[in-house]
Amino acid sequence: MRSFEMKNRTCTEDIKSLRLITAIKTPYLPDGRFDLEAYDALVNMQIENGVEGVIVGGTTGEGQLMSWEEHIMLIAHTVNCFGGNIKVIGNTGSNSTREAIHATEQGFAVGMHAALHINPYYGKTSLDGMVLHFQSVLSMGPTIIYNVPSRTGQDIPPHVIQNLAQSTYLAGVKECVGNDRIKEYTDNRIVVWSGNDDQCHDARWGYGATGVISVASNLIPGLMQQLMFVGKNPALNSKLLPLIDWLFHMPNPIGLNTALAQLGVVRPVFRLPFVPLPLEKRIEFVNLVKEIGREHFVGTQDVQVLDDDDFFLSHDQ
Amino acid sequence: MRSFEMKNRTCTEDIKSLRLITAIKTPYLPDGRFDLEAYDALVNMQIENGVEGVIVGGTTGEGQLMSWEEHIMLIAHTVNCFGGNIKVIGNTGSNSTREAIHATEQGFAVGMHAALHINPYYGKTSLDGMVLHFQSVLSMGPTIIYNVPSRTGQDIPPHVIQNLAQSTYLAGVKECVGNDRIKEYTDNRIVVWSGNDDQCHDARWGYGATGVISVASNLIPGLMQQLMFVGKNPALNSKLLPLIDWLFHMPNPIGLNTALAQLGVVRPVFRLPFVPLPLEKRIEFVNLVKEIGREHFVGTQDVQVLDDDDFFLSHDQ
Amino acid sequence: MRSFEMKNRTCTEDIKSLRLITAIKTPYLPDGRFDLEAYDALVNMQIENGVEGVIVGGTTGEGQLMSWEEHIMLIAHTVNCFGGNIKVIGNTGSNSTREAIHATEQGFAVGMHAALHINPYYGKTSLDGMVLHFQSVLSMGPTIIYNVPSRTGQDIPPHVIQNLAQSTYLAGVKECVGNDRIKEYTDNRIVVWSGNDDQCHDARWGYGATGVISVASNLIPGLMQQLMFVGKNPALNSKLLPLIDWLFHMPNPIGLNTALAQLGVVRPVFRLPFVPLPLEKRIEFVNLVKEIGREHFVGTQDVQVLDDDDFFLSHDQ
Amino acid sequence: MRSFEMKNRTCTEDIKSLRLITAIKTPYLPDGRFDLEAYDALVNMQIENGVEGVIVGGTTGEGQLMSWEEHIMLIAHTVNCFGGNIKVIGNTGSNSTREAIHATEQGFAVGMHAALHINPYYGKTSLDGMVLHFQSVLSMGPTIIYNVPSRTGQDIPPHVIQNLAQSTYLAGVKECVGNDRIKEYTDNRIVVWSGNDDQCHDARWGYGATGVISVASNLIPGLMQQLMFVGKNPALNSKLLPLIDWLFHMPNPIGLNTALAQLGVVRPVFRLPFVPLPLEKRIEFVNLVKEIGREHFVGTQDVQVLDDDDFFLSHDQ
């Protein structure tokens, strides 16, 4: 599907220059449907604090728990409401090539500026198959490839990326393997975003990364903006590390979901299999907020320790 | 789902004032998928000729042959590319209340300006059930109710519409029963669009109709604009009637699809159960174009009589 | 998709000989999902009273309110539990040829004995399109064509049926237009089931119909069995007509759903847009049961007049 | 959804005693749809050679590349055609709890004898979340839990299994971590099937495993039956190891798919992202067949080395 109206199309170069992209949280209503009002408020907070792009329905946004219909709708909604102010990158990746093709066609048709693509997790495939998988979607528009072996069970080796970099649509790589891998790419002029909040400061200022695709920026967009734009700042980085460690001590987005609920910016609703962090960790978060400063976090309500009974678990939508 | 970003929301009054709305054709690629490039060109021709709104995925646009995923994507695409220039009215109606609710939520979430809703066809229901069906969706945003008993097997009686008119979201009725029924509504200050191209001139100038939701305007948007805006014009109306009769001598959009293919603005691809008109009718169309004047029709290629072999029939998507 | 294991396949002749087929009700749980326990009990009552086949997900079974996933699952479930005792005819028809093809492939893959197919309702098409629509599915297995213009808005004319009758897979026609039309077919050795309970006695004994596809047999399977098997019985027929009139005074299956709930054999749950009959009609039903005799109806509980508050309306599944 | 007809229900004990279960291959037509004729032939070969159960739509059967509609249809088809001769275990697991619940309900509704469930891969979750995920489906019927950290990125620790073992529906564990882990379970009377063909002989005869859920048995069902039933046989085991190494040198089912195509029992059609093994590996397979003996493999045609051009890659279904 090709669109005659190309005026909204972002060129790949526009994506390559983004320094701070948030893997945005998807908030829910108590019945498990999307809470679009809360979502719109979250995206607005990102824009107001200098974030330049959002990943819609990433692993942080729990794309794997959405139907494709919901997923494409959320991309379209984000484009419609915020596409003029922030780059909208749809996670239209899948371990099924058919699904990835179909979702990516739809995502670009509804106006997303770029696609995020994962290698086939769980089912996995050979490297030849991996290349064909990515090539099946790379011709559709600007694309970021996402490498996270701890989730997929399979590393995307550099030679695969080098191969794909021949396409003018490859914007770059979201890399979670570490800063040495990042340097290998940036030495070869391949754009990289760190996929690890704890390493992104060093990646940006010491290893050539263009920026970060961040989870922490859901909470502290302004501080992450400083970290990526203002210059080397090991003091700020150190100050944030305890929060980042807390965020990732359990599989993301369990920490993020718990944190945003306690900041009062999303309802305390989880889609299974995600469940809230236990009480002692919820108390830790309130202390971390106090140490860093409530004013640096999204939302305006007092941060609070929620009770077990405050949370809803949903498996209906 | 409620959206925080209401700036794009059209108020019901904006819908009530539209005089010319096109039930836009959905063009296909040979494999049966949407041909978005041709679609965008069609919508642009509508805008350039003064059409104020489009129905996306109506019976003319073959919404009943789309998956909901395709359908919502097409609404989102239209909003994204043309929402600033034309009102986008999504046909999110269904004979299943559940589907109508879900699609209408999604349609408004991706930015459509209004919804078109049908009474439950085929399965039908009681009048109490019909009212509940419409009330289930009427609170979501501006709504046009569509009455076409020749398709649904069941008339929406005026007292049902009077009941629904208490909602501030009821924009009006697309009425196909005839001009006396239209007058019954307009006498009671209910907005009506004629759903019959052959009656719309009289409906507009003699029975109080606000305008038309038109099939013919796919072909001759400028002439339909004259008919609805410039004033009573029985000569023009008479001139168009042979074309309109031709368009509807078989179930719509068989004639429209054949015509647009022969005008060279869409590929000659049909989704089954629709098939092209037979050769003698295709020849008739070329003669009608010559009588009315090629310049009044969309597209710039010479109109041609296509051969049977030029057409593709698809049942794959 | 062809199956190697043909041992379960019913030949078309087996379908042609069925005299009493029930368009079986789909019962729901309060959350709107299928109540399979109640369903299995209903089907068992049919088998015990001599019914030879069931239509799964017909208009009576509210197939138009099911997702295809639910629909195929219910066909598969019925085959798995009862396929050895009763013929399972899946309503895999649709107004979309693509959907009809896909559902029919799936239905035969899971073991249904025959398919029921409707002409394209609501969207409609030309007679050429109608023939192609039916031909697209007729090669897959034994097929019954269903003609009900009051729902579809379009009659299937006899010459279309004559054309399709060249296929060895055409089992016959479910005809609702009337007994003269039935005679036109049976004179030409085309098998017909009456689709009107009020006409089926005469159709069977006076116009050559093989039998009936019945709604009333959900309630009184044993009496319908007498009507179709034992011989001409105008007294019994007359005795049943008030019940049949009551069943169809509003669009089916509103009456049936209300009746089965009051007989205590299904939960009083409706999927919108269907709603229960009003109180005075519910009282009428109880009187009808008493006149005909509770023992002739399915279930063993006392028939009761339910209150408005006893009913659930669902639009969630 | 509960079924009244429980006569087909397998009790958990029947599942616990199975020694040889095949994770059955799903064959495709050139257009990417299921090739049910080839599938039925494959299942028949399994039954004839003593295999007692099949996993339908496992990772070997490429369940992750199916729509749920296809997946449930294949389970239903297998039950309908073969349910009397072999236990049908549906892989209705998912990393989405909602999907797992829905698919498992449907699978049991269409008659599957047991469900296979995976922990949430890719998205992952906390151990509390993992337990809730499994508990959400464990009440529906006999269940096998599948632990394969190399695919999921997350081990299911023994204390989670011990917890779930309190349910009478836990049939056992398909364990890929190794034979020491297996022994830890079998010492505690938890039933285990080895998920590694290269370790299954030792697991069965030395570590208490009940049997194997095998990939290799797609190819050599009779030999795998010997390995699991007849008694300790290190000679046979050693003879098979080169074939097993070959099968798993790339992510499964790439080797299996290539092998079955070269044996002439399935069409050489791959769903992307899977692609055939390269030529040198295809030659190796033919040599392995000759060493072990063609007569021990499924099919009756000569094994052949296919050319690159013989293979179809599909991403359409």
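Per-chain residue numbering starts at 1, and chain names A, B, C and D are given in the order in which the chains are listed.
Criterion: a contact is a pair of C-beta atoms (placed from the backbone, for glycine too) under 8 Å apart; a residue touches a chain by one contact, two chains touch by 3 or more.
From a predicted model like this one, the values you see are computed outputs, not experimental measurements.
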Legend entry - Chains touching both chain A and chain D: none
Inset, instruction - Rotation angle, chain A onto chain B: superpose the C-alpha atoms of these two copies and give the value as a multiple of 5 degrees. - result: 180
Inset, instruction - Averaging only over C-alpha atoms, locate the centres of chain C and chain D and give their separation in whole Å. - result: 39
Inset, instruction - Could you grab the centroid distance between chain B and chain D? Build each centroid from C-alpha atoms only and quote it in angstrom. - result: 51
Inset, instruction - Mind pulling the residue numbers of chain A that touch at least two other chains? - result: none
Inset, instruction - Could you classify the connectivity of these chains, where an edge means two chains touch, as line, ring, star, complete or other? - result: ring
Inset, instruction - Write out all the pairs of touching chains, ordered by chain label. - result: A-B, A-D, B-C, C-D
Inset, instruction - Would you tell me which residues of chain C are touching chain D in their complex? - result: 1-5, 8, 29, 33-41, 44, 68-69, 72-73, 76-77, 79-83, 106, 109-111
Legend entry - Of all residues in chain D, those that touch chain A in their complex: 32, 59, 62, 64-65, 95-98, 101, 120-126, 128-130, 132-133, 136, 149-154, 250-251, 254, 271-275, 277-278, 313, 315-317
